[in-house]
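The structures considered in this document are given below.
Both of the next two complexes hold chain A, though its partner changes from chain B to chain C.
This part shows the complex of A and B:
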């Protein structure tokens, strides 16, 4: 068994709980930098989960994917976000359109909803309920963050949380997609973030704010 | 090797163009590269036609369906490059808004769209589909005005989220395939999936769930209502050649991806489920876009809503299925893209000469800009589906299939929307073309690049309405054979 084996088992049995925790914390986070940290933490949990799966199922390719997750989502992306926050000199508040209390209730509802969805489909997939519910809850939370936070940076972060959920769903149902495809998807995410970064600069240049709810010239 | 050529040329070309700071040199090089690229695409199409499908490694493949869409890309991108060479003459040398950046991004955009059509693997297809969004977002925001930045941001966010759902759908389909006993390495290959489709059908819940996510995901890029919110903004704020590329090539590429999934799902769980979804999205898009056409103020937004309507028509053709429905849908993708390019080119000329695209600010255009008016009229008559233009043929085919299957609800909606759209276009055209001209543009004559591009597009819509060339007909048959 060994230490690694014990750690693997612990990770696999308890990571969903930690993910639910990050979801609830994201709902109440009021600063952009806190949210970024939470996203980094969430990605670290997912990276640990990838390594644990790789160890348990003896999939050498998955180690590479785990290393990519760690390098990109735990190190590179949060750093880039901190740089953006600094350079854009924006207000650090996330500008939520819901109060923290409402957000927590919505996050709780999302978690409940995910379990309900998993119960109806779980039989077809033969995976434990908790991880799948966590994946779906991440997807929904990402979408919720995107619609309820007005800062452009928070929309980017919501997208990343949503993508984390999709990645997790692929991981627990199929042990991940083929390696080449995974790398392609990572490349797309990086390029997408780079472009969104460029656009946040352009928005702050042309409009002198970063509040995307005020972008409403084009309608109908 | 042949399949690598049309992918390598635009990527290397994009890099090469960036080295040319002189706008004239960049434009000439872009035209030259475009010509080479079209020749390469033509060679691929011809090889597929003559010798059947081509395969390059595990990830690239071209069959009849890819060849048909590649041909469309080649024709429209050729027209767009010709038109752009004249259109960009007014553009100054900004930091990123110079002709060389424009052409470099256009070639990257073309690269992603061509690779969507050449992907043998559904995962790679998704990657390239997301790539189209990334490559074109900067083009949508190219002018860097308030509107352009807003449209670019909206486009980037809405399409990235939408396409994330398509990724989820792809993963679910992959899961169903792996559970059905397929080798994980090949469970995303389209051909293997088609061969194993009956076995995958043993997991009907998963396959259906996958298709729901895929139709929402790729439907966002196609512009199905209610996921269409990015489309009018992006089309209206992008430079005109880009509006034409978005409407005439990008939407078709997304439709192509959806067709691939539809074929697998139809074969594994039966055609009823995917086809009813296609019909629902098609009818919704037609009705909503048809009504919104009536109230538009901006000419390019009018064209954008008309694109949504036509994507609805294509979805209805696919959803009806059958030989005529499929024939009509495929033919309509091509016809719509040519006619819509012509309309966008005309809109670009109007913007140059009148300085506005607001339709209530334009009067008596037929006297001051006769040539552009002619192009606008030909495009308009074609796009509302009147004979003898090509769109009439494809719409008629879809309609006959609906009659043959006795789907009278679809028939009624289809005909009512077509008449509403006709009324809308007639109303807008009347206000713009007739009346006393309120301003006289100094130089409304078309320059060579404009009348070559517009003339070729106009001839094409007219000619295809009279007869379909033999080779084109064969390619269309081969594309249909792939899907059945």
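This part shows the complex of A and C:
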């Protein structure tokens, strides 16, 4: 046990707080690159939680899942996003339809709501409160980002944040899904990202912008 | 013995204050590959200003002369609430954290009055901006302190610090992280540091604090500069005392106090490095974005207060 054991316990008990911080920062981020960095940070926290779970429950498979999370969500996806931002030569602003103050209050309300939702379970399930609330808050925040940001890139990022939340919820409640399914999901994400990347290229080619709210008319 | 220590603490906050500001300026200079001024220069400047003649605008009333004195007194009084090397303070049992917040507010109020009384256009502009920033910073400042006070079940700063000292080092809760983030943002706004106000220049039309002190000269200017240095030092000490107090002396033994003092210096140095990196990396916010910045701080601190419900005592 020793030092690694203590570190594991601390990661499991208090890292979800940092997830809340990334949620609040995502709500106020003005630039696409900042949001992508925050998403990478969020994924790194989740990867740490996967490794901690693997160590505590002695699941060798989970180490592979953790490595996959790190490779795909912390390294590959942010890099792909930066490449997209560079290649699309789009404006850096996320084009939020709410002001930062409104967004941060909505994010705070989401966090409060998810705590209230989790709290009603009480001791019925043997699941720690904080990480489960963080998972629900991530799902809701992802949805909120997709609704309130007008840039197509930010909608992709919202979807990824939402997926992070689902992944975390699975990790907390069942110590992660079987490895085969996990790999399938990662493959899905990569394919989805590829398709969405192609779509954003098409949108910016045809309309010369990425503002989804202006996509009203058909163009040949 | 205890009284002597408390007095020593306040003296440290007051006399060390110009040094803190100078070290930050020096670190910033080094980060920008300049050599920077000597770290003892602010003391020399204070002595120079104190010996100089004071010029008062012909239109100014007595408020203009009174404002720096009230500002200095209020700031020193606020510094008296902050523990540095052990978990008590000179004015620790005389008032709670509300008094600390409003002592600082009193100082700002009088400085704005003095700036308006000076009669220059820049003074009025700076004063109105200062009023906006301070009224927006007040809510997160209070709420952040309230959340810690609720956890500690104490209202005086020294008691809150004593409670935190009794906690496990690793036992960070959501409340502490949220409250620290919002109070750090408030500290930046309160002391007029980079994303809100630029402390190094009065050549910008966006200046706040420097705009207010344009009409002052001589001993009055010295008092104002010294007061704002004390405020910065006291805010740093407050953040350290509330969130990283570990290592503070529990008894009055010489060994424990030496360790506490060295640790305090190390923690302050860390915060100063952090501050200078932030100031070198971040651009100043547009004036109309400052309410957003402080709105985020308010949301964080409100969340911190709400979270005290969920944290088990």
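In this text, the second predicted complex is superposed on the first by the 213 of 220 C-alpha atoms of A that agree within 3 Å, B and C clash if a C-alpha of one lies under 4 Å from a C-alpha of the other, contacts with A are read in each partner's own complex, and residues count from 1 in each chain.
Please note the rule applied: contacts are C-beta pairs under 8 Å (C-beta built on N, C-alpha and C of every residue); 3 or more make two chains touch, one makes a residue touch a chain.
Fair warning: this is a prediction, and the values are worked out from it, not measured in the lab.
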Fit or clash - chain C, chain B, common chain A: fit
First, second, both or neither for A:76, with chain B first and chain C second: neither
Touch count on chain A, higher of chain B and chain C: B
Touching partner for A:14 - first (chain B), second (chain C), both, neither: second
Touching partner for A:178 - first (chain B), second (chain C), both, neither: first
First (chain B), second (chain C), both or neither touched by A:147: neither
Contacts of A:4 with chain B and chain C, given as first, second, both or neither: neither
Least Cα gap, in Å, left between chain B and chain C after the two complexes are fitted on chain A: 24
Residues of chain A defined as touching chain C within the complex: 6, 10, 14, 17-18, 20-21, 24, 28, 99-101, 104-105, 107-108, 111-112, 115, 119, 129-130
Chain A contact footprint on chain C (complex, rising order): 170, 172-174, 177-178, 181, 291-292, 295-296, 299-300, 302-303, 306, 310
Residue ranges of chain B in contact with chain A within the complex: 59, 121, 123-124, 126-127, 130-131, 133-134, 137-138, 141, 144-147, 149-154, 156-157, 160-161, 164, 167-168, 171-172, 174-175, 178, 184-185, 188, 203, 205-206, 209, 232-233, 236-237, 292, 295-296, 301
Contact set on chain A toward chain B in their complex: 121, 124-125, 139, 143, 146, 152, 155, 159, 162-163, 166, 169-170, 173-174, 177-178, 180-181, 184-185, 187-188, 191-192, 195-196, 198-199, 202-203, 206-207, 212, 215, 217-218, 220
